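Structure first, then comments.
As written, the chains take the letters A, B and C, and residue 1 is the first residue of each chain.
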Amino acid sequence: MTAVTAKTKIKESKPKLKTSTVLIYVLFAFLVILYIAPIVWIGITSLKTRPEIYKDPFGLPGELQWENYSFAWNAGKLGTAMLNSLFVCVVTLIGTMLFGSMAAFAIGRMKWKLSGAAMMYILVGMMIPVHCVLIPLFVRFAGMGLDNNLWGLILPYLTFSLPTCVYIMTGFFRSIPNELLESACIDGCSIYKTFYSICLPLSKTGLFVTGLMTFIGNWNELLLAMVFIHDDTKKTLPVAVTKFVSPYQTNYEKMFPAILIAIIPSIIVYSLFSNQIVDGLTQGAVKG
Amino acid sequence: MEKLLRNKTAIILFMAPTLILFTAILLVPIVTSFYYALCDYDKATRAYSFIGFENFSKMFKDPIFWISIKNSLFFLVFSCISQLIFGMLYAALLTNINKGRNFFKNTIYMPCVLSSAALGLLWAFVFHAKVGINTLLAGVGIKGPGWLYDIKGFITLPMWVIAFVALWQYVGQSMMLYMAQISGISKSLYEASYIDGATKTKSFWHITLPLIKPMVGTAMSLNAIGSLKFFDLIYSMLGDKTTNLKMDVLATFLYRSGFSSKGGNHYGYASAIGVVLVALCLLSTFVINKVFKTENYEM
Amino acid sequence: MKKLLAVVLALAMLLSMVSLAGAEEVQEITWMFWDDLEASSDLITQGFKQVIDRFNEDYAGKYHVTPITTQLEPYYTDLNALVDAQKTPDVFIVSPGPNLTDYVAPGIAAPLDEYLADGWKDTFAGDAVFAQQTYDGKIYAIPLNTAAACVFYNKEIFEAAGATVPTTYTELLDACEKIKAYGKTPITISAGTAWCLSMLAGYLCDREGVDLKALNNNEASWVNEKTIAAGEKLVELSQYFQETAAGDSNDDATTALYMEDAAILIQGSWAIGQMNGGNPDFEAKCGVFQFPAIEGANDPNRIIAKSDSLAMSSTTKYPEACIALMKYFTDDTAQKYTAEVGGKIPVTKVEYDASKAPAQLADVMKIFGNASATFGFYNESLVSSDAGSYFDDQMVAIFQKEKTPEEAFQAVQDWYQEYFAKQAEKAE
């Protein structure tokens, strides 16, 4: 690092290929390897047999073991797990965006005495880690039939996604100019219509950002999913992947295909929309 | 207009779902959890009996609790500092190049959107004693250390390994936060400084750094809470080995006390750990906000 | 995107509706188990899957069982959650010992004597197989198999190193020394998975003559020359462990034996299937001997044995279906599989084809047949399941040299004192 900054001292403002730039490229090329190599290695390993993994962990597989993939897919019930994850995340996403923006609208634009207090109440929720409500929720849900039930995941996911959503959307609603609302009022819009057809469309960016954060956060959630769900057909993707660590032996050659199957859709979606995703998430983090 | 915005029915309708959810899923459980923390849960009868602060006094005598506190605080400090340094470094360097900038930043950011559980399993294999990078090292005649099981030292090697994996996974977020802030700095400021004869390094210290300070607070409180909640990576990398390897953090300690077959089902005790966790989260957010936000106002 | 979403959601709904249909009239029961039936490569698990499939096929239209599978780690928590929610699985697997007691004492598990009386009980190898499942003369769980903890070794390495099969502790040290000199790892063990190390500690304690009964009745102290001698032997043996023992999982440790990196593995006989499956060449090279004697101490023919057992919920709606299912687990097909493929000792009088069974099973059966007595895993034989995991942790601490044997057993003793004090308080 010091080498790099020292080199930048050679003052020059017009771009030629400078040593400092080269060094930066070298550094980032190295980082890219650091980020991609483990995934590639797992990809190679996932096509090996078990003895091959142990005898020559870095070698290429002799005969490609594609059946590792079909085994992982079938045995891990990864298809079902993906559908479960999708269901949970989509419902949570819709719920968060709907309820969150409703509350944000009430807090940000409407006039009532306790709006500040309500905001505080919601914001404290941002600081509470989900672990702290794990036990009471678990005990209560077990009594209500919400354990081992995807709705038992959706409710806490929704609740823990709301604060960020409310916070970000409040900011967006507040930035809408007053005149717009007033003209809507003159046109005879009801408050619901004002919210739905004027304010919401104007805050699309906010919805995108919160939706993204909610979806990704819950897509990867492990702890609640692990504790609340025991039925095999209801497990979500992160839990399904850990299934291959069984009491007596870890099935590396079956686990790696499962890991890849689990993360490759995310990687594909990410590489297609990486700029939007990165910017959206960053905006969300800044505002949250 | 005024009347419209004071529509009580609408306010109630708008607020109701959120408030109901918050109360039912957050407030009530938190209060219950505080109550459980004062109770003993009997596995056989499935009943709670009030025992006052006994769980807490037991916890303060429990060496595993102190190990968890130590490790959690280590993660907190390490992730705050390392993400600050590397996040800012990457951001500052990346803003200096044009070609490939998007590719680099997107690659570094990628693990942030992937499942920690899956990545943890992957890294556990990389550091596996028999098949991991140690076999590569052995190939060139170096005897690799016990990455994930050497328990010597105050902060053990596996702790460092996992802390670096966490850095690897999440540094992209800090980097992006700083980049967003840096790109928000007006170009004219830099141009003015170059005219005044400042070097790039100098302008970094005198322009970039002061202007992204507020973001440091945001990034740090995100890191702090994130590292206190830290569970997925450590669980998937070590499984049930955390305790014997003195690798527990508060979250895994809570999980084990509450839900593991091995010494689990102590809901009261686990709730007491939860109370400590809440307290630490609130405290660290408070401290970080205090430190960074006040400086912000002074500027 | 919206359309795609709609299609996906519609599909999901359709799927859930399909699964609801046709659930009438059939007696639906659940069976809970601690390993994933599909993903597992464990042979016993795969055998259980066959039993379930066979049952559902044979009784189609009459009974149907749905497995609830979880992992070993959170198994009892999940089970307890279901019990709390009054959805106790109709049939569930449970380890004998304090774990089973947790379900027998509050009346969650039903006594099974009336169902056993129809001749089912006579199919079992003897009354002794029910010893660990009997409370006050009533049987609360059905054993499915028995696994004996033995010492597995690589005959080739032994021969090449000039080591002989040890019958005493001194001979064991001698063999280890020779193997070490030969350049192979003498003993492979997992301290990362604490119960594996604890099993060795349990053997050492028992060979030294530790009286577990007296300890559990609060009639003796854990700190005595026998326990400490066992602890010291654990430390002594640890110099022969593989270097990575501290972090290796059970799986890693077993792999080292069948990949022929190490010569000795102390493990339950369930590992046979795993070893032969992992490396088919190894079967011929693998020998078995019983854990060596400690000279001048306890009876050396006592062996650690463990059986998976099934309990039935006392609140089940369909006891007939449950019993029918349990009978499938102990019928000849299942028990033959247990021996011939799974490598565990059958609990019934079934005659299996010894030539089909893994080579090691015959040795294990011989050792099992010669045993003067069996005893359980230490961590499943203490006053409570928590005591067991505390014991495991202390044994790991000895191995890691965190604690001296004195300190570690003192810690167990302190734990016991606190436990008994609490019990006395509750009794008042």
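The criterion applied here is as follows: a residue touches a chain if its C-beta (ideal position, glycine included) is under 8 Å from a C-beta of that chain, and two chains touch if they have at least 3 such contacts.
Small disclaimer: the values here were computed from a predicted structure and weren't measured.
**Q** With one step meaning two chains touch, work out the least steps from chain A to chain C.
**A** The least step count works out to 1.
**Q** Highest contact-pair count belongs to which two chains?
**A** After counting contacts between each pair of chains, the winner is A-B.
**Q** Give, as an integer number of Å, the spacing between the C-alpha centres of chain C and chain A.
**A** Chain centroid spacing, chain A to chain C, equals 39 Å.
**Q** Using mean CA coordinates as chain centres, what's the gap between chain A and chain B in Å?
**A** 15
**Q** Please compute the C-alpha centroid of chain B, do the same for chain C, then give the distance between them in whole Å.
**A** 37
**Q** Multi-chain contacts in chain A: which residues touch at least two other chains?
**A** Within chain A, residues 54, 138-139, 227, 242, 245 contact more than one other chain.
**Q** By the touch rule stated above, which residues of chain C touch at least two different other chains?
**A** 72-74, 77, 84, 249, 255
**Q** Any chance you could list the residues of chain B touching two or more other chains?
**A** 130, 239, 258-259, in rising order.
**Q** Mind listing the chain B positions that touch chain C in their complex?
**A** Residues of chain B touching chain C: 43-46, 128-130, 146, 148-151, 239-241, 243-245, 258-265.
**Q** So in the complex, which bits of chain B are touching chain A?
**A** Of all residues in chain B, those touching chain A are 1-2, 4-8, 10-11, 13-15, 17-19, 21-22, 25-26, 28-30, 32-33, 36, 89-90, 93-94, 96-97, 100, 102-119, 121-123, 125-126, 130-132, 135-136, 168, 172-173, 176-177, 179-180, 194, 199-201, 204, 215, 218, 222, 225, 228-229, 231-232, 235-236, 239, 250-251, 254-255, 258-259, 267, 270-271, 274-275, 277-278, 281-282, 285.
**Q** For the complex, which residues does chain C have touching chain A?
**A** Its residues touching chain A are 5, 8-9, 11-12, 15, 19, 34-36, 38-42, 45, 67-74, 77-78, 81-82, 84-85, 249-251, 254-255, 259, 270-271, 274, 278-279.
**Q** Touching chain B in the complex: which residues of chain A?
**A** Residue list for chain A touching chain B: 1, 4-5, 8-9, 11, 13, 20-21, 24-25, 27-28, 31-32, 34-36, 38-39, 41-42, 45, 53-54, 57-58, 98-100, 102-103, 105-107, 109-112, 118, 121-122, 125, 127-140, 155-156, 158-160, 162, 166, 181-182, 185, 190-192, 194-195, 216, 219-220, 222-223, 227, 237-239, 241-242, 245, 252, 255-256, 259, 262-263, 266-267, 270-271, 274-275, 277-279, 281-283, 285-286, 288.
**Q** Using the touch definition from the top, list the residues of chain A that touch chain C in their complex.
**A** Residues of chain A touching chain C: 50-51, 54-55, 72, 74-77, 83, 86-87, 90, 138-139, 142-143, 145, 147-148, 226-227, 230-233, 242-251, 254.
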